[in-house]
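Consider the two complexes below, in which subunit A is the common component and subunit B and subunit C are the respective partners.
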Partner chain A sequence: MKANGNAITGRRGASHRKREKAKDFLCVAPALAFFAVFVYYPLVDLFRIGFTNWNLIRDDYKYVGLKNYKWLFKGSGFDTWLASLKVTFSYTFWEIVITLAGGMLLAALFNRESKAFSAMRSIVFMPKYIAISTSAIVFMWILNDQYGFLNFVMGIFGKEPVAWLNSERTALTSVLILTGWRVVGYGMMIYLSAMKGISKDYYEAAELDGANAFLRFRHITLPLLSPTTLFLFVTTFIASMKVFQSIDVMTSGGPYESTNVMVYWIYDLAFVQFRVDRAAVVASVFFVILLAFTAATMKISNKSVHYES
Partner chain B sequence: MSMANDSFAANVRAKRARLVSTVLQYALAAIVVVVVVFPVYWMIISSLKTSEELLRPVPSLWPAEFRWRNYSDALAMAPFGKYFFNTLVMTMGIMSLQLVIGSFAAYGFSKGRFPGRDALFVVVLGALMIPIQVTFVPIYGMVAKLHWINTFAGLIVPHAVSAYMIFMLRQTFKSVDDSFLEAARLEGMGRIGIIFKILVPMCKPTMLTVGIISFIDGWNSYFWPKMVTTTPFRRTIAQGVYELKRSYAGLETMNQNQIMAGAVMAVVPIIVLFVVLQKYILSGFSKAASK
Partner chain C sequence: MRMKSGIRFAVSALLIGAAVCANAQDAKKYEVTAPIKIEWWHALEAQYAPLVEKVVADFERKNPMIDVEAIYQGSYKDLNEKLIAAQAAGTTLPAVTVANTPYIAEYGASGVCEVLDPYIKATRFDIGDFGAGLRTASSYDGKQVSLPFLISTQIMFYNKDMADAEKIKLPETWAEMDAFMKKASKVSDGATQRYATVFPGWDQWYYETFFLNNGVKIVNKDGETTDLGDAKAVAVAQKLKQWCDDKAAYWAYGKDASGVMRQNFMDGKAFSVIHTTSLYNMYATNCKFKVGMHYLPGNTSRDSEIGGCVLLIPRKNSQAVKNAGWQLISYLTGKDVNMLWARETGYMPTRNSVTKTAEGKAFLAEKPAFKAVFDNLDHINPRIQHPAYTALSKVWMQELAKVIIEGGDVKAAMKKAATLIDEALQD
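Now for the complex of A and B:
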C-alpha cells in the first residue's frame, strides 16, 4: 500500500487521498446525522418550546417569553418542583447507597472461586435483566396491604401491617425495595470484576506486615476500587435521576405526590395535563441540573480517585 | 515435643477457623440468593394458585392445586401474542440498526482519517448526557408530525443509534492492528469489506456482548414505547403486563394469579436468554466498567 501510495504522485494522489478522507467521514456521517436530528436538535427545541404557550389541545401557539419560567420559579409550580427535586434526589441517594455499599458488601461475600458461587453470583445479578415494569407488578403483589407476603412475614414477628404503596410515608421506600432487589447484584458484579484485577502481591505484602483482613480491605481493596466506585457513582446517578418505570407502574407519582419524581412529573405535565410548554421548562431545568451535577462529580473525582499505576 | 504439639494445635485451630468462615460464607450467600429468588418464585407460585388460595390469610408456599387455566385466562384478557410480535420486531430492528450504523461509525472514529475526527467523537459522547427522558417532548412532536405514532418506525428510529455502542466498538476496533487492514486493502477490499469481513469477525466477543445488551435493553424498554403507542396495536411486552393488570380495573387482587401468569410469560424469554448468554453479558459489564 505504501509503495503504491508513493507511486501515485501529484494531482491524482492528492485527489485520491481527499476521496479516501471523504469516504472515512461518510462512515461516521449516519451516526452524526442521527445525533443531530434525534438528540441535539430536540434539546434545542426543548428550550424553545419552554418560551411558548404550546399545549397538546391546540395546534397553534405563540411565544410568551419567561412566563413558564415564572410559573416554575415564582408561581404555582414552585412547590411541586421543590418537592419533586427532593424526592428525585432522595431516590437517587438511596439507589447509589444500595448499589455502592450493598454491591461492595455482596462482592466481599461472593468473592470465592467455586461452581456454586459462580452460579449464585449469576442468580443475584439476574434481576437487572427483568423488565422493571414486570418486576414492579410482582413487587406490588408482595407489598399488597392485605394479602401481601411481606406484611404476612412482618405479622409473624408481631409487626402491624404496613400500607406500603398506599401511604405517602412508605411509598418511596416500597419503590426502593424493588430498586434494591434490581441493582445490588449489578453493583456486586462490577466490584467483583474490578477486584479480580487487583494484584495478589499487595495482599501478601500487607499480610507479611501483619495487616488483618479489615485493614487489608480498608487500605488496599477500597482505594484501588475507587475508579470503579466513581464509575458506579456516575452511571447510577444518571440512571436513577431518570427513574420512571417503577414509579409509573407502582405509584403514578402518588400518594399525594410523595413519589412524584422529575421525569414522572414532566410526563404528567405533557401527556396528562397537556401542558407541553410547562413540561419543556421543567425538562430544560432538569437537564441543566443533571449536567451540572455530573460535571461537578467528574471534577471532584479527578482529585480523589486512586489509579493503579 | 511441646513445640510440635503447639504448632499441631495451632494448625487444627486455623483449619477449624477456616472451616467455620467457609460455612458462614456459604450460609450467608445462600440467604442472599433465597431473598433474591423469592420474588420470582412467588410470581410463578401465585400464577398457579386459585383465587381462593391466593387470598388466604396465611399464604401457602406451594399451590394446593395447580390452576394452569390462569395462563389461558390471561391470554384471553390481553393480546400477548401481538405484544410479543411487536416487541420482537422493535427489538430486532433497533439491534440491527445499532450494530450496522455503530460498526460504520466505530470504524470511522478508530481507523478512519479525516479532519476533526476526535472533535466529532465528542459529539457522540455528548449524546450520552442527553437522555430521551429529557428530550421526549420535542421528539414526540417530531414523530407525531411524521405520523409515526403507533408505528414500528416510531418505536425503532429514535433508538436507531447508540452512543454507548459506538464507544464500546470504537475501543475494540482500535485494538485491531492496522496491518490487517493494510493487507485487506492490498487485496482490493473496500471499507465495507474491511468492517464486516475483518473488524467485525475479529471483535466477535464484543459484537456479541453489545448486541445482546442492545437486545435486552430493547426488550425491556418501557419509557419511549409508552410515549409513542396509544393503543394495543403496537404496544410492547414491557407495557403489556401493566396493561393486563389495568384491564382488571378494581378486581386486581382476586385476579392476581392471572396477572402473575402474564408476568411469567413476559419474563421467561429474557430469563432463558440470560441463562444461555450470561457469559457475554457479564464480560460486557466488566468491559464497560474498566473503561
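Now for the complex of A and C:
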C-alpha cells in the first residue's frame, strides 16, 4: 500500500516536474524564437552564403564549394585579411587600454563627493551620449590637415601640420583620438560605481596597518575591481572588434587600407564590390575568431578575478 | 493592274491598322488604371527640396491617379546600399530610383532593373531625343534599363579673373600641361602659394579621362585584362606624380578631400580644380570671382565621360507599380522638366531638342561657362561598363594615391594595380 502510495506520489511528482519544465520552456520560448529568427538563422545562412557566388541582388546563384575560402586563405584576399586583422586587433588593443587604464585613472581622480566633481564626471561622460557620426564629423574638422583646429594650435607652437586622417601613419591614431574621447568617460563611470561598492572597512584596516595610498590601491582597490575590469574588458573587446561607424565616416578604411578594420572590409565587399559571397566568408571566419577569443578570455579570467564574497 | 494595286493598298492598310491597334493595345498594358501611391528614391540634397516638391506636385496634378512620395536617401552610395537591401528582401522597393551611372552595369547584369524597351515602344517615348552616348550609358547589354536623368561630365573649373589678369593659357592638349602648371602655380622656396590645379584622387572617374585620352585601355576588349600596367599608363601616372612632386598641383585624397579642394579654390589657393559640371552652381554662387569652365585637355583623343545619375524601375515591383513608375520617369526626363533641372541645378540639359535649339542658346546665355560643355557634347562618352568596375577603381585609386602622395616607384605601383585589377576582372 505504502509502495503504491509512493508510486502515485512519484508519478505525481514526475508529472509536476514535466509541467514545470513545460512552463519554463513556454516562458523562454518567445526569446528562443527571437534568437532563432534573428541570430541563429542569419548565422547559419551566413555560412551557407560563403559557399555560393551570390552577389545579393541576383536571383540565381551557384554553389561554388570552397572557392571563396581559397580566395581568402590562398588567393588575393589573404594579404588584405591579414592586414585587416592586424588593424582590427591594434585598434581593439588601444581601445581596451584607453577604457581600462583611462577609466580607472579618472575614476580614482573623480571619486570624491562634491558638486564640482559631479559636474566634471558629467562632462567626461557626456561624449558617450553624442552620436558617433556627429562627433566623427566634428573630429574630421578638428583633424583636417589644412583647415583643422589641431594643426592650427600646433602651428602656434611652430609645429609642421600633420595629415592626421590622410596619412597611413596617423590615420588609426586619429580615429583612436575620437574613440578615446568617447569611451574613457564610460570606463570611468563603471569603475566609479564599482569603487563605491568596496567596503571602507578594508581601507581603514589597511591604514591602521600602515599601508600608504598606493599600497591600498594596489592591494585592495585593484583586486576588488577585477570583476568590473573583466566586464569592461570583454564588452570593450567585442564592441571594438566590431568598430564600423567612426571608420566609415572618418576614413572609409583608408588611406591605403590603414584603417580597414574587419567589419568595414566586410561591408565594402558586400555593398561596394557586390561580393557578398566573399563578405560572408570573411564574416564567418571573423565570427569564429571572436568566439574563440571571448571563450579564452572567460576561461583565463575565471582564474584571476577576485570576488569580494 | 488596277485590281493588283487595290489589293496591295488594302493589305498595306490592314497591316498599318493592325500595327496601330497592337500599339494601342500595348500602350494600354502600361496605363495606370487605379489610384496608386508610389515612392521615388533620389539623392538630391536639402537645397533642392523645393525643386523636387515643385516637380512632384506638377506631376501629381497631371497624373491625379498617382501619389508620389519623393524620399531623399542620402548619397549615391547610401542609396545603393538601401536598394541592394530592398532588392535582396524583395520588398519595400521604390517604384522609381536614381542610380549613379557606374552601378548600371552591375544592376543590369543582375536583373535589378526593368527593361524599358517595351514601355518606350508602346508609349512612343522619344528616346532618340537623347544623344547616343546617353542612351548607351543608361543601357546594359543593348537593352534600355534606365533613362538619363541628371547628367554631368568632368571639367576644369578655373578662376577667370586670375586667368584674364595673368594671361594664363588653359591647356588644350596634354603636351601643354607642363607650361600651364608652370604659369598657373606659384611656388617659392619649396612652398606653394597657389596650385595650378588640384587632381581629385578620391574618385578615379575624375582622372581616368587623362589615361583614356592618352590611349590607355582601362578595360581591354576581352573584358578580362587592363593596360594600366603598360608603358602609356605609367607615363601618364609619372607625369601626374611629377606635377605633384613639383608642388604645382596636389593629389586630393581622403574623405574630406572634396571639401578641402573646393575651399582651396574659393580661397584662391588653387587656380583651378578638376571636378564635375554638376557643381557649377555651387562654385558660381560661393566664389567671389568669375568662375570659368574648361574642357579637359586631350592627346590622341579629347573625350570626357558621362557622370551623374539615371532613373530606373526595379524589376521586382508589381506591374501596377511599374506602370506608375514609368509615368513618373517619362515625366521626370521629359523636355520641359529636363530644362528645369538644368536651370536649377548644375546638371546639363540632356535632350537634343533642348541643347540644339533656341532653348539651348537661352540656357547658354544664362550660364555662358557651359559653352565648354556644349561645344564638346559629341565627345562625352558613356563610362566603361563592367560588373567589376567598382573593384577595379578601388585598387587603382589606392595604388595611384599611395605612390603619388607617399612616394615610391610609379611603374611598380601601376604594375601591382594592373595585376590585382586583372584578377578582379577575370573573376
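The rule is simple: the second predicted complex is superposed on the first by the 277 of 309 C-alpha atoms of A that agree within 3 Å, B and C clash if a C-alpha of one lies under 4 Å from a C-alpha of the other, contacts with A are read in each partner's own complex, and residues count from 1 in each chain.
What we mean here is this: a residue touches a chain if its C-beta (ideal position, glycine included) is under 8 Å from a C-beta of that chain, and two chains touch if they have at least 3 such contacts.
Model, not experiment: these values are computed from the prediction.
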Inset, instruction - Could you check whether subunit B and subunit C clash or fit when both are placed on subunit A? - result: clash
Inset, instruction - Kindly classify A:Q146 by the partners it touches after superposition: subunit B alone (first), subunit C alone (second), both, or neither? - result: both
Legend entry - Touching partner for A:S199 - first (subunit B), second (subunit C), both, neither: neither
Inset, instruction - For A:S122, decide between first (touching subunit B), second (touching subunit C), both and neither. - result: first
Inset, instruction - Of the two partners subunit B and subunit C, indicate the one touching more residues belonging to subunit A. - result: B
Inset, instruction - Applying the touch criterion given at the start, work out whether A:S90 contacts subunit B, subunit C, both or neither, answering first, second, both or neither. - result: neither
Inset, instruction - Look at A:S15 in the shared chain and tell me whether it touches subunit B only, subunit C only, both, or neither; answer first, second, both or neither. - result: neither
Inset, instruction - Return first, second, both or neither, reflecting whether A:N212 touches subunit B, subunit C, both chains, or no partner chain. - result: neither
Inset, instruction - Would you sort A:S252 into first (subunit B), second (subunit C), both or neither based on which partner it touches? - result: second
Inset, instruction - Scan A:F271 for contacts with subunit B and subunit C and give back first, second, both or neither. - result: both
Inset, instruction - Pick out the shared contact residues on subunit A: the ones touching subunit B in one complex and subunit C in the other. - result: 144, 146-147, 249, 271
Legend entry - subunit B to subunit A touching residues, read off their complex: 25-26, 28-30, 32-33, 36-37, 39-40, 42-43, 46, 54-55, 58-59, 101-102, 104-105, 107-109, 112-115, 117, 120, 123-124, 126-127, 129-131, 133-142, 157-158, 160-161, 163, 166, 182, 185-186, 191, 195, 216, 219-220, 222-223, 226-227, 237-239, 241-242, 245, 253, 256, 259-260, 263, 266-267, 270-271, 273-275, 278, 281-282, 285-286, 289-290
Legend entry - subunit A - residues contacting subunit B, complex: 1, 4, 20-28, 30-32, 34-35, 38-43, 45-46, 49, 106, 109-110, 112, 116-117, 120, 122-127, 129-139, 141-142, 144, 146-147, 149, 152, 181, 185-186, 189-190, 193-194, 197, 228, 231-232, 238, 242, 244-245, 248-249, 263, 266-267, 270-271, 276, 279-280, 283, 286-287, 290-291, 294
Legend entry - Complex interface listing, subunit C residues touching subunit A: 77, 80-81, 84, 87-88, 106-107, 109-112, 253-257, 260, 263-264, 387, 390-391, 394, 398, 401-402, 405-406, 420, 423
Inset, instruction - Give every residue of subunit A touching subunit C within the complex, in rising order. - result: 55-59, 76, 140, 144-147, 163, 165-168, 249-252, 254-257, 268, 271-275
